[in-house]
Amino acid sequence: MTAEPAERLTDIGPPHYERFLPPVVKANYGKWVSHEILQPGVLVHTAESGDKIYSIRAATARLISVPKIRQFCDIADKYCDGHIRWTSRNNVEFLTTKKENVEPIKQAVEALGHPVGGTGNSITNIVHTQGWVHCHSAATDASGIVKAVMDELMDEFTNMRLPGKLRIALACCLNMCGAVHCSDIAILGIHRRPPTIDHDRLRKMCEIPNTVAACPTAAVRPVTIDGNPSVEVIEEQCMFCANCFTVCPSMPLNDPEYDGVSIWVGGKVSNARHEPTFSKLAVPYIPNNPPRWPEVVSAVKNLVTIWTDNARPYERMGEWIERIGWPRFFEMAGIDFQKEHIDDFKHAVTTYKTSAHLRF
Amino acid sequence: MADKTKASGKLDELKKGPYPSFVKEIEAAAETNKMAHDLIGQLELSYDEKLCHWKHGGIVGVMGYGGGVIGRYSDVPEKFPNVSHFHTLRVNQPAAWFYKTDALRKICDMWEKRGSSVLNVHGSTGDIVLLGTTTPQLEPVFNELTSLGFDLGGSGSVLRTPSCCVGPARCEWAMYDTLKYAYEMTMRYQDELHRPYFPYKFKFKFAGCPNDCVASVARADMSFIGTWKDDIQIDQDKVRWYAEERKVDIEDVVVERCPTKCMAWDGKELFIDNRNCARCMHCINVLHLALKPGKDRGCTIMLGAKAPILEGAQLSSVLVPFMRMAPPYGEDEATAEDLPELIDNIWELWGEEGKNRERVGEFIQRIGMGNFLDAIGLEPQAEMVAHPRTNPYVFYDLGKDEEEEEDE
Amino acid sequence: MADMVPVEEIADAMFKMIKDAAGKKQYKSMDLQKAMKELYPGRVDKQLCKAAIKQLINSGRCIYTYFGGSYIELPHVEGAANPEQTET
Amino acid sequence: MADKTKASGKLDELKKGPYPSFVKEIEAAAETNKMAHDLIGQLELSYDEKLCHWKHGGIVGVMGYGGGVIGRYSDVPEKFPNVSHFHTLRVNQPAAWFYKTDALRKICDMWEKRGSSVLNVHGSTGDIVLLGTTTPQLEPVFNELTSLGFDLGGSGSVLRTPSCCVGPARCEWAMYDTLKYAYEMTMRYQDELHRPYFPYKFKFKFAGCPNDCVASVARADMSFIGTWKDDIQIDQDKVRWYAEERKVDIEDVVVERCPTKCMAWDGKELFIDNRNCARCMHCINVLHLALKPGKDRGCTIMLGAKAPILEGAQLSSVLVPFMRMAPPYGEDEATAEDLPELIDNIWELWGEEGKNRERVGEFIQRIGMGNFLDAIGLEPQAEMVAHPRTNPYVFYDLGKDEEEEEDE
Amino acid sequence: MTAEPAERLTDIGPPHYERFLPPVVKANYGKWVSHEILQPGVLVHTAESGDKIYSIRAATARLISVPKIRQFCDIADKYCDGHIRWTSRNNVEFLTTKKENVEPIKQAVEALGHPVGGTGNSITNIVHTQGWVHCHSAATDASGIVKAVMDELMDEFTNMRLPGKLRIALACCLNMCGAVHCSDIAILGIHRRPPTIDHDRLRKMCEIPNTVAACPTAAVRPVTIDGNPSVEVIEEQCMFCANCFTVCPSMPLNDPEYDGVSIWVGGKVSNARHEPTFSKLAVPYIPNNPPRWPEVVSAVKNLVTIWTDNARPYERMGEWIERIGWPRFFEMAGIDFQKEHIDDFKHAVTTYKTSAHLRF
């Protein structure tokens, strides 16, 4: 290590945002009065002063290469005085005050393979996580499924003809880094095998009390193996959350045959109309089928379709399901309601149907 | 297909189709970068075996910091020696993800040289995620970053990189300055961001209005959601224009969708019973040229969101119903000036009494919201609950009773 | 407050704790702080403890580690690490 | 005021006012009954001291039965020797609480002689509660009761006295014969009612329609709530009559109150989207001369209601969404013929695996609804939940997966 | 005891209901087609056949004396061919096919001090429990409070001018025999002191493991006192539920100074409109103040008044509160929102406010 403590900068924090704001933004900061979506992916915001800023939004895979960023920079330099931003869902946005730049930007970005869209009542980018590209915990890949699903749904990214917004997210394990738990459609990687324990490595790498405490169902118990302290897993009590593995790397759960994907629906985050709410289990399990996970793609597509065909204007997926009721949803989606759908964790009792409000 | 800078087999499939291909991205990087090259190889192996090939690495980091680096090792280093180490660095993004190309290009140059040439823009928390480098490169990468004016973001039991919506920079609905707060809070708590002192991670997110475009209510231990107190501003002409010119069925898509049913439309005027408006934003969203939030603005502070591990997922819940975020500050209201003390009190309590790996939301669940409020010195308010308790298992506080009687 | 414990002494006491527990128990910052408060009643505070930890880390005597949560440990070879790469 | 058959002091206050006075009742009884006399005395003491003066007595009962009697002793027997013992007997009421006066008079005569001359008509579970007698009187009371054709109801860890709404006896909305089921189930399970064999109490209640006039959903471990499957019967002329003659604002008080918003009213016709009707009864309740439930009738069986002790209160939740309660029975539907087996399976499982004092609702919480259904041999149905799980902590059953694959 | 096992009748069950049904009921059983409320407390039901039955409903104190029942029987004999019934809320009903009997019955019952009413959108009888009249567990009296409250609310029993039905219930301890947990207004007796333990009696009367298991918060722990097994109570962990006392009579909680009453609102049972729901805590504590509990009476009266003045037609208490929101309810009721209102039992987290849907 080349540590030079004296000169070494630390705790400087991120660059101040003002360094990067376009002049029109600085001039009209906090003074925007309205916006319009000119076409899918193209927004214009107007300020009190009458100033306007055009934003051209394009999809990215989030995983991006240095060469591609340079290409984006080229476009931004050419049309946007070097200004560029990303959205909270990993779309890139090119910002310009010149209306005449809109089409050239659009064409340039699309020429790079990045469709423009994701605004208004559309399907925008899929928030997702690392998967096999970088994480040790992944029960499925992230980027691959996202690519396959978005390829299928691309028309809903570049159009704005859905009843409302539809937010899809993917997380490759129960840690849910994609915060998928409040998405219209959530794709979640799952393990379905208890951890296998490497007692030798465990002894060296893991702290027993922390490992035991990590298990939400108390399935991990301290034991002595060959005179050394280790842990065992009561298999019937394990629901494959992998939290023990997070704390103790010697208890992997990855399993090519049993890992896979579950699909969740009806969550949302905004306060618009209904309160924010969690996604609920729709499809308990689909095996991993790389490279294109066709069963996952068709399950998602199916959900999008039944919602699109049946929801009222501005009704998000969950709002629609609440209105028609879950039994009808399962029927329309052609999903078998199974034991797995019934909650059995801590607050399960609050999810039971405690009224005779039934539809036949 | 023997050329390992190019994907083949299963991965090759994912270069097809209209959506941007991450495989093409890695390939592009691989043209000049060996790590990216081996990344393709290992990823192909994962695709063939349906198995992830990374090992957890918990020790690497940059000097003096306890976060910002995620250690990662290949479990097949003999096959893919260039990704034998493949640590990521989380780089604290500028507020609201605005960049100038010069800054980006410099990061690119550095990362092409010292890392995999592959990155995430952005990570789920908001950082620029530099995907994959070796242990010896960590310190140089850090030094180059700081010389470019960037610093690392959070990982581990620290304050995580705060993030915010685009807010006043480009949105007419920002009820307070989200970028300013994201930046200032990040700067104020640099120590907490870089040196683990908490029982577990803690996240701030700043959303300018109840649309919550950074999903703060789902993902931030402390969510700041802009809101307003006074009446929605209505331009009745514009409402009629929506009805007549834009053919918006105001009854159906606005009045009927209002969660509190506090609106009425007689074909000419839109009436809002503002006392019953829940500040959900829906009518404003739909009729945005006609309606605007009120002028008396601030934010609602909510606490406790998190993913499922360990006790189940939580959404944030109301802690301060309304806090004024910009002067002039009134007298008897919560204002942003109270914020540092509020945060300190929370961190102090949770720091002292939180269990290892217990998020603040879980901590509140364990000790009880009432006790939590007592301990941080906030008064209980009906706004904090969806409804009062239904069970009669009340820990009546008799000391308090007696005190109160004495007061009277 | 004249008799507050010097940062060095706190750092040493923390280091001893960490060393004694190495391989058995991982400590978090707060564990160390709490132990110091017990060891030196009324003579240490949060700021001193933070300073001591900073010293331990910056001097390289200890490192931060991460296993689901963050800990302070003696520097050691990572269990998962692959043999050191030659290139830098 | 020295006359102890009359209340005095505090209790005297409660003889005033328009609502029937329980004090006057006890006084009336006390005119001929010493126990009632001392009851006034002890009650006055309680009123003065704000303290209850009864002791728990768990052992008394009638021969052979494990329930039906609640033992009670005064803790001030020296002052009030006539209530030194003050046990109650729970007498199983006739279904829907219909009586002939001759039967009532006979019970009165017996109770004046052998008890306190004071009773509750009825107890919360539904029994006639004979309030207070001595241990030696228990067996004679029981013998007289049976000779009058009455039997004891439940107490302790038994099936408790079933009860039902007035149903077909005097209500147009009874979707099945609540009296018949209450009676037949009581008779079928006499043994379970009188001899404790369960982990804890178990209650049946039968409500003829979703109005649930016996509060079964809140109070019965197994609640039978009448419902229908086909379309609501509408007499449009009568609907108009309500609007015109009775000045009912149909839009406001009917259409707008419909929980699923599945109705429409154009001033002439009331339209119901029956597929989305939740069978809540509201529109029928309000427009009862115009609307009637459908003709295809049965009941929803719900399980698990209870008061808070131990794990918190529960409402019953759907177990069988629709069961046909009267012939002709279809083929592929649950019918009342399945009922004995269903009940046996539940009792068997809960009996075997329930903990001491664990109600069936708590038992289901503990073992999980899914496992419970498996064990009693019912298929999971979406109607059983308000919504599917939100947490990913799923105990995937791999055995089942494999089986299914084999099936295919 | 005079046991004669041979002749002794057991398990005969209740009398068959048919024995007691009026002939018009038997003739039209299951064939009723409509009903009307002729005046408060007077219903008429009409059958397919055209037959009619009139029901005159009157309040009772539920606790009733043999002489009074005989007086009721006299009326029933005179006007109803000996037919009489009670309702699920302890009102008595006189049943007749003769319209001309309605007024005489009404007068006769009222002459006995039993007001006729309780039908339609009114306040009907208060479901309640034993209290100091018979139970060992009572934290307050039942009949006394009921009498005091109903005296105050009598006009709402004999009229039908409320927005909807209003169901009040009372239970004298947390066992909630009155099933108060789903009432529009629930009055609940509460203890606020941990049990006092009589170790001597405990040793003789109680089983330690059951006693320990009885405590929902694990506040009861086994200990040895003077060499004998007994239990102790961790006072900070006790929330005064008295479940230990139910299992072990040597642990009474009754306390004249600290016992009292809490008030709960907004529960309901019927499926009409909103689903059945629990009552929620409104007033955490009011001291016992016999004989008329004036603070309880006025608190209940206040709740009835604000609901009556503000609810829409058919809106039950809880439906109204849901519409206006709990903060507004507390404001209107003039009740201080306190720590006690915030749930801290098992599912507390599901009661937090997880949206920014706030009214100011």
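In this document, chain identifiers A, B, C, D and E correspond to the written order of the chains, with residue numbering beginning at 1 in each.
Assume a contact is a pair of C-beta atoms (placed from the backbone, for glycine too) under 8 Å apart; a residue touches a chain by one contact, two chains touch by 3 or more.
These numbers were taken from a predicted model, which means no experiment stands behind them.
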| task | Based on which chains touch which, give the shortest step count from chain C to chain D. | result | 2
| task | Trace the shortest chain of touching neighbours from chain B to chain C and give its length in steps. | result | 1
| note | A CA-based fit of chain B to chain D gives a rotation angle in degrees, as a multiple of 5, equal to 180
| remark: Per the C-alpha means, the centres of chain D and chain E lie apart by a whole-Å value of 13
| field | Centre distance in Å when chain A and chain C are each reduced to the mean of their C-alpha atoms | value | 36
| message | Averaging over Cα atoms per chain, report the distance between chain A and chain D in Å. | response | 48
| field | Centre-to-centre distance between chain E and chain C (centres being mean Cα positions), rounded to whole Å | value | 61
| request: Indicate the residues of chain C shared as contacts by at least two other chains. | output: 58, 67-69, 80
| message | I need the residues of chain D touching at least two other chains; which ones are they? | response | 210, 212, 217, 225, 259, 278-280, 308, 312-313, 315, 390-393
| Residues of chain A touching 2+ other chains? | 5, 174, 176, 181, 210, 214, 216, 241, 243, 246-247, 249, 271, 275-276, 278, 345-347, 349-350, 354-357
| note | So the touching chain pairs work out to A-B, A-C, A-D, A-E, B-C, B-D, B-E, D-E
| message | Which residues of chain A touch chain D once you look at their complex with the stated criterion? | response | 174, 176, 181, 188, 190, 192-193, 216-217, 238-241, 258, 262, 266, 278-282, 284-285, 323-327, 329-330, 337-345, 348-360
| query | For chain E, which residues are in contact with chain A within the complex? | reply | 271, 275-276, 346-347, 349-350, 354-357
| Can you list the chain E residues touching chain D in their complex? | 1-3, 5, 8-17, 19-22, 25, 29-30, 32-35, 45, 53, 55, 59-70, 72-73, 76-77, 82-88, 90, 92, 95, 113-115, 127, 129, 131-138, 141, 143-144, 146-148, 150-151, 154, 157, 174-179, 181-182, 210, 213-214, 216, 241, 243, 245-247, 249, 254-257, 259, 267, 269-278, 288, 290-292, 312-314, 345-347
| task | Spell out the part of chain B that touches chain E in their complex, as residue ranges. | result | 210, 212, 217, 225, 227, 229-230, 259-261, 275-280, 300, 302, 304, 312, 314-318, 321-322, 361, 365, 368-371, 373-374, 380-398, 401
| message | Help me check something: in the complex, which residues belonging to chain A touch chain C? | response | 5, 201, 204-207, 209-210, 214, 243, 246-250
